[in-house]
Each structure stands twice: as structure tokens, then as C-alpha cells.
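Several structures are given next for inspection.
Two complexes are shown next, each including chain A; its partner changes from chain B in the first to chain C in the second.
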Partner chain A sequence: MNYSLIWSQVTPHIPYLLGGAALTLQLAVISFLAGWAIGLVNASVLHFGPRPARLAVQGYVTFFINTPLLVQIFFIFFVLPDAGILLSPYAAVAIGMSLNAGAYLTEIQRAGFQSLRREEIDAATAMGFSVPQMVWYVILPHIAKALYPPLSNQFIIQVMTTSIAAIFAVEELTGRAYNVNSLTFRSLEVFSITAVIYVVLTLACSMALALLGRWLFRVKARIL
Partner chain B sequence: MSYGGKADVLRGVSLDVERGEVIGLIGPSGSGKSTILRTLVGLLKPKAGQVTVDGAPVDYASRSSLRTARDRFAIVFQQYNLFQNMTALRNVAIAPTLVKKRDRGQVEAEARALLARVGLAEKVNAYPDELSGGQQQRVAIARALALKPDILLLDEVTAALDPELVGEVLDTIRALQRDGMTMLIVSHEMGFIREVASRVAFLDQGSVVEVGPPADVFDRPTSPRLRDFTSRILRH
Partner chain C sequence: MWEQVIEDAPRFFGPWNLLFLGEALVNTLLLSYLGAGIGFVIGFGLAIGRHPRLYGVLPLRIAATAYVEIFRRIPFLVKLMCVFFAFQLSGAQASLFTVALVTVVLSAAAFAAEIARAGIESVPAPQWDAAEAMNFSRWRVLTRVVAPQSWRVALPPLFGYAVGFIKSTSIASQIGVLELTYAAKILNTRGFSALLCFGTILVVYFLICWPTKRLGERLEARLGRRAKA
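Up next, the complex of A and B:
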């Protein structure tokens, strides 16, 4: 391969790429938090809810785990307008990723409900906690602690998955990298820099999550 | 009061308790001692029978009506059952603030006083995994007292403790007895039951077989099953 690196053609675009990284992070955080909330409600329903509600949740999880995310977003973006629901590309991607993550986070948190300490539930019940109070004050902290590794893993996956937004012309990091590549044709430089930004971003996220875990839940997670 | 599915776990349990009395519940395992306590606090749903406190019936029919049961009874479990993610103070204060909607500042002041009463004034900010079993169980007792129950239910509260930690928990219960707390105590600490209980009820196969002052029950058992039971425990 005879290729001479010319970084100077790409370096002026780094701030533009970093702006895309900010959008990447935003999408990941939004879809992860929404997915977590969906998963928590679903897992509560699977644990405490009546049978029809449990079946509905199982249907949702089965559907979203067994179809590609891209197809799900295509569906939201191209089919929903027929029903009068017109969404921006960003909103379509955010909703698709949230629903998709919700299915995985239901499964992860269902396992957390199964590992609950029966004693704490008994104590909360005997003291008159309602189910939402029990979920919020007793079960959620337990899940966050017991499931810390798979949950933070899921967050990192969300960061990677945001690159799918490039297909819908959402200018997150991958989308902007594609733009810079079209402008400069310095592919090796552009995508090397992009890769480095992704690595730095995810490592920073992992560290932040580990610190958050230590602070919130006294999880003895490794920082790096 | 009865409880059970195909085979009734409790049947024909009838017991009158005076205010300030301490009742010891003894009997072989599987006799229904813990089931009585768990039913009283609303963890198990009774099939038949009634519970009356101060002349007012306690309604176990639905989840919302259980509120009255929880105003009357508070339970301390064998495994302490503390919330692992909360400090001792929060463990004690959470139910009064959350369930009874009381003012948090006032509840926390009371919780500190209760923790001091069980000898844990220095441990208010400790998490359960930083406390010994005996300390955890004393937090659990403070947590039950914070609910201001009419009757305190103690379910084998020393059974999970290392022998050297049993004494501190028993001392706490003795102090409660002196303060006039009405208690139902399920325990295998027969010496302790004999000391603190005003009356002892012997259960076997879901029924109260014999009730009376400790001296009568332990030293002059009338029923053959109780005689058999006491002779077996006294041998150890």
C-alpha cells in the first residue's frame, strides 16, 4: 500500500468530529436511560404483574430482541408517518434505540429481580411498602449494585450502536466522519481519528460509570 | 385463626394477650410458630378466624386493608432482613417517612433515639455489612419499634447469631419487657423464654396445645406431647 499520511487535511475537522461525539454521547445516554426505565417497569410487571400484562411484556421483549435494530428504526421512520406520526431522524433513532435497549434491559433486570433477597422484600411488605415504593427504594438499588457490570456493558453497547444514526443522516460521530471523508478523501486519517475518539469516549464512560457505581451503590468496580 | 392451603398449617390457634404481656411461643419446628407471626403482620393471608386488638378487629382481606395490621404489629426476623443499601439510620427511619408519611426530621430524631436505646448510637451511619449480626439484629429491633406497634413480634431473632452475640440481643429484649412492650416471642432460647415470658404457649401441628406460666409449662407439663418436647430440650 502506497499511502502517505496527510493529517493536516483532517485535523481542522477535529472540533467538528468532537461535536458529533457529543451527539453520540447524548443519544447513548437518552436511549440507555429510557431503556432502563422501560426495562425496570417491564421487569416489575414480570415479577409482580397479572398474567395478561406479563404476556404483553414477553411479546415486546421477544419482538425487539429477535429483529434487527435497523429494521426497527426503518419501521419507526418510514412506516409510522403513514399513521400520521412524523418523526425527525434523530427522534426516530432515539426512540428505536430506547425500545431496543428496553428489551435487553428487561431481560437483564429480570435476572436481578430473581436474585433479590427475599428477606428484604418480606421486611418491606411487613412494613407496608407499596409495590412502586418497594421497586424504587429496595429493588432498584439492589439491581443497580448486583447488575452493575451487565448494565454498564449495555451502556457501552448503546454508545457503539449510535453509529447506526449515520444512516439516517443524524450527524453524530460516525455521520460526521463520513462527511469529512467525502470532503477530504483522507479515509485512513479520518477513520483513525474517529476510532480514537470512540475509544477515548467509551473508556471515559466506563470510568465515569465505575466512579458513579462506587459513589451511589458502594460497588467495588475497577476503574480501568 | 387458621392458615394454609391443602393441609392447614394453623388450625384452632386461640390466644388472648394482655397489654404489656410477653408471650413465648415454643414448639417443634413446623408447628406453626413463625406462621402465626407472619400471618399477624400480613405476610400470609389467613383463611379463617379473626384477630382483635383493643376490641377492634384487624382486617386481613385486602392489600390496602392490611394497613391496620401494620399499625398494630411489627415483626423482627431471624435473618434481620435489613435493607443492605441503607444506613442503620435510614433502615429505621424509612418506613415511618415513606409509609406513614411523617415528617422526616422528626422521624430521624426518633430513629437516633431508638438506635441509642438499643446501644447503637455510634453506628447510625453504618451499613448493615459493616455491622455484626448482633448489631444488625438490634437495628432491626429499632426499625420495628419506629413503627410504634402495639405488639412486637420476634421471630427466632437470635437463631442466626453467633453464640457470643446472642446476649446483647436478649438484653435489648429484656429492656423492652421492662418498659412494658407487648411481645410475642418465637424462640428456642428456652432459658430466656422462661425468664421474660409471662406466659408460654406450646404449639404442635398448628394448634396451641398448652398455655400457662413458664413454670407450669416447663416444669409441670400436662400433655404428653409437651412432656416429650420439654424432656428432649432439657436433655441438651
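Up next, the complex of A and C:
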């Protein structure tokens, strides 16, 4: 069977695909921010919390890091309706990705918390800071610079992970690629163009984050 | 929800279903470990081809760097689709398993190349100079100086990535490879409760991934200690 590449049938759909890229970024930003918040709370619990809470957080992290995101979302999407919780595909994917990112971002931020000097926490305690105040005003500003590279790395991973949303018929970049594929049947053309868009998108994100890091922390980060 | 689970459980864990899940488990293990293994070997080759003091002649370096940078930035699902349809273009008759395996190998090679590079760069520059001063050939530098030291740095993180690929193979269910996720979907379609199907494979995935990750962590602690001593 011979297959010849015909690009001209796919090129008119590139703007449509790029529209999907916007939804990809949206999903990545939402899940990253939610995951970051989960991770921050978890890291605080691991550092200051009582033993049962620490064990619960460790269980959460171990579970989510050692099981596939796709199956986690399947679980959310197909099992929760049995318990009476009906979620839209977009919500299920966003929740699954946030919980998954939360586990990784807990690990990252826990390492940051451990890098903190004991005296700084003692000083904050002496000044009567509560734990949330201490985390927000003392710990975060101290570790922000060190955490920035792994956090931006995690964001890039989130951008790529959003492609899983296509499996749940969310029309982000990969989802729209599926649509164009079923419209034109130029499969290899569609998916290789999609791949190129992902490469360009993540490169652009890396560069933007590196520039932001330079501006925020005055460090000479490698742009490319 | 729970009543259905209790009602389904004896049938779900019947011999035929267990055989079916066992076959899926073997496919998941083969896909991830075999794919990651082959990929890691190719990745080391890429790292050697990228290093200016080893075999990094310019065209090879550009090609290897482009490969690594591009393939690390394409999501697994999109890569899978590209490989799937590229096989169609080439006209080769490949099984779905082969398509998924090739995808895992392509990803693993790109990620392993970066780790191997970090391993090679962990060898201090004076050692390279010394080896060159003693007129070592590139091959001897690689086998006698670089490889014995860099594998300690490169090996532990590879286990972390291997876990990543075990998890990525769940996406191969999209093209219909009979691995754990696909098996769960089929069983769910046959009417077993979703909690039972997806809960079971979540546990199985955990039982594969967690020991792999622990092994990597223990290796890291052991090799790190010996490297310092």
C-alpha cells in the first residue's frame, strides 16, 4: 500500500490547531498553579505537621508518583460517577493533572524547605509568626530563587502532559489534531505538524520562563 | 458502588480474567523495561556522539543534539501517533506492540542521552587531559577513564525515568496494544465495575513502579557513598 504525503490538505487547519494550543497552555497553567498550591501546603505539612498528617501526605505523593496519570484520570472520570460525582471531561482532566502535579511539586518544594537554615525558622518563631505566615513571608522568599528552575521545568512537563486530555475528547492541541485527522485522513501530516507545534510551544515557554527568571532573580539563566 | 464491587469481585478475579490481566501485565513489563533498556543504550550512544572530546564530530553533534532537543519536547501520545502512521507510510507490516515499543525506545533514547551527558561531564577535565597526554585513543579514554566513573552518576536517575516510561506505556492503550490500561478498559466495557477495573490496575502499576523507584534510590545512596569514599 502506498501512502504519499499531501501537506496542502492540512495546512489550512493550522490556525485551528494553534487555537488548540491556547487551550493546552490554559490547562497547563491551571494544573500547574493548583499543583503548586497543593505542593506548598503539603511541603508545609511535611515540615511542620504532626506525624499522621505527614504520613498521609507521603502516601499521597508516593501513590500519585508511582501510577500513570492516564489511569488516574480514568479513575476520576469513570469511577466517581458511580459515587454520584459527575464531572465534565475538562474538569476531570484538570483535577487529575492538578493532583498529579501536586505530588511532583510537593517533592520539589520539600527539597526547598529542607535547604532552609534552622536559624531563620527559629527567628520567625521567636517573632511570633504562625506557620502559614512563616511559609509565606520567610520560607518562600528564601527558596524562590533555588526553586525556580525545577518549577519551570515542571511547567514544561505540564504543557506536554496536557496531550492526555485528547483521550477524553477535550479539544486542546492533540484533541484538535484528532479532529483534523478524522476530517482529512492525512494522519502523518497532521500529527507531525502537531509535534512541531509542541516543540515550538515548549521552546517558547522555556525561553519565556528563562527571561522571567532573569528579570525576577537577576540571574544569568541560559535562555536556550 | 461498593455493593457492585463485592458482587463483581469473585467473577472479576476468575481464572480467565486473571490470565487476561497477566498477559496485559507481561506486555506492559516488556514494553517498558525492554523499550527503556534499548532506549538507554541508544541514549548512551547519542551522548558519546555529542561529546566533543569523544566522537563528537560536528555533523554528528548537530544531529544528536537536534534529536534530543526535539524528542524530549513532543508528548508521548503525539509521538505514538507519528510512529504509528510513519509505519503506515513506510508500508512495513508492524504489530501494534512494535509501534508502541519503537515509541518508547525513541523517547527513552532522548531522555537517557541527557543523563548520560551529565554522567560524562562528571568526569573532571584534568583526567581528560591526563589521558590525552598519555596518548590514549578516544576508545580507551571512553572505556578506561570515562565509562567506569560516569555510570555511577548516570545509572540511578535512569531508574526514575524507567518509572516514567512504565507510566507512559498506559498511553499505548490508545492504539489498542493489550497492556494493563487497555485490559482495564475492555473489562470495564464487559460490564465489570469501573472501580474494580481501574482500581486493580492502579495497584498493579504501583507494584511495578514503586520497587523500581526504590531500587534507583537505593542505588543512588550506595553508589554516591562509594564515589565519595
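We take it that the second predicted complex is superposed on the first by the 214 of 224 C-alpha atoms of A that agree within 3 Å, B and C clash if a C-alpha of one lies under 4 Å from a C-alpha of the other, contacts with A are read in each partner's own complex, and residues count from 1 in each chain.
By definition in this document, contacts are C-beta pairs under 8 Å (C-beta built on N, C-alpha and C of every residue); 3 or more make two chains touch, one makes a residue touch a chain.
Bear in mind that the values here come from a model prediction, so they are computed numbers and not experimental data.
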item	value
Room on chain A for both chain B and chain C (clash or fit)	fit
Which of chain B and chain C A:66 touches, first, second, both or neither	second
Partner chain in contact with A:211 - chain B first, chain C second, else both or neither	neither
Touched partner set for A:117, first chain B, second chain C, both or neither	first
Partner chain(s) touched by A:5 [first = chain B, second = chain C, both, neither]	second
Most chain A residues touched (candidates chain B, chain C)	C
Superposed arrangement, angle subtended at the Cα centre of chain A by chain B and chain C, nearest 10 degrees	110
First (chain B), second (chain C), both or neither touched by A:125	first
Contacts of A:133 with chain B and chain C, given as first, second, both or neither	first
Touched partner set for A:86, first chain B, second chain C, both or neither	neither
Per-pair minimum CA distance [chain C against chain B, superposed on A] in Å	29
Chain A residues touching chain C - in the complex, by the definition given at the top	1-3, 5, 62-63, 65-72, 74-75, 78-79, 82-83, 156, 160-164, 166-167, 174, 177, 187-188, 191-192, 194-195, 198-199, 202-203
Sites on chain A touched by chain B in the complex	117, 119-120, 122-129, 133, 137-138, 141-142, 145, 217-218
Touching residues on chain B, where the partner in the complex is chain A	41-43, 66-67, 70, 74-75, 77, 79-85, 94-95, 98-99, 127, 143, 147
Complex contact set, residues of chain C against chain A	1, 4, 70, 73-79, 81-82, 84-86, 88-89, 91, 163, 166-171, 173-174, 180-181, 184-185, 188, 193-195, 198-199, 201-202, 205-206, 209-210, 213
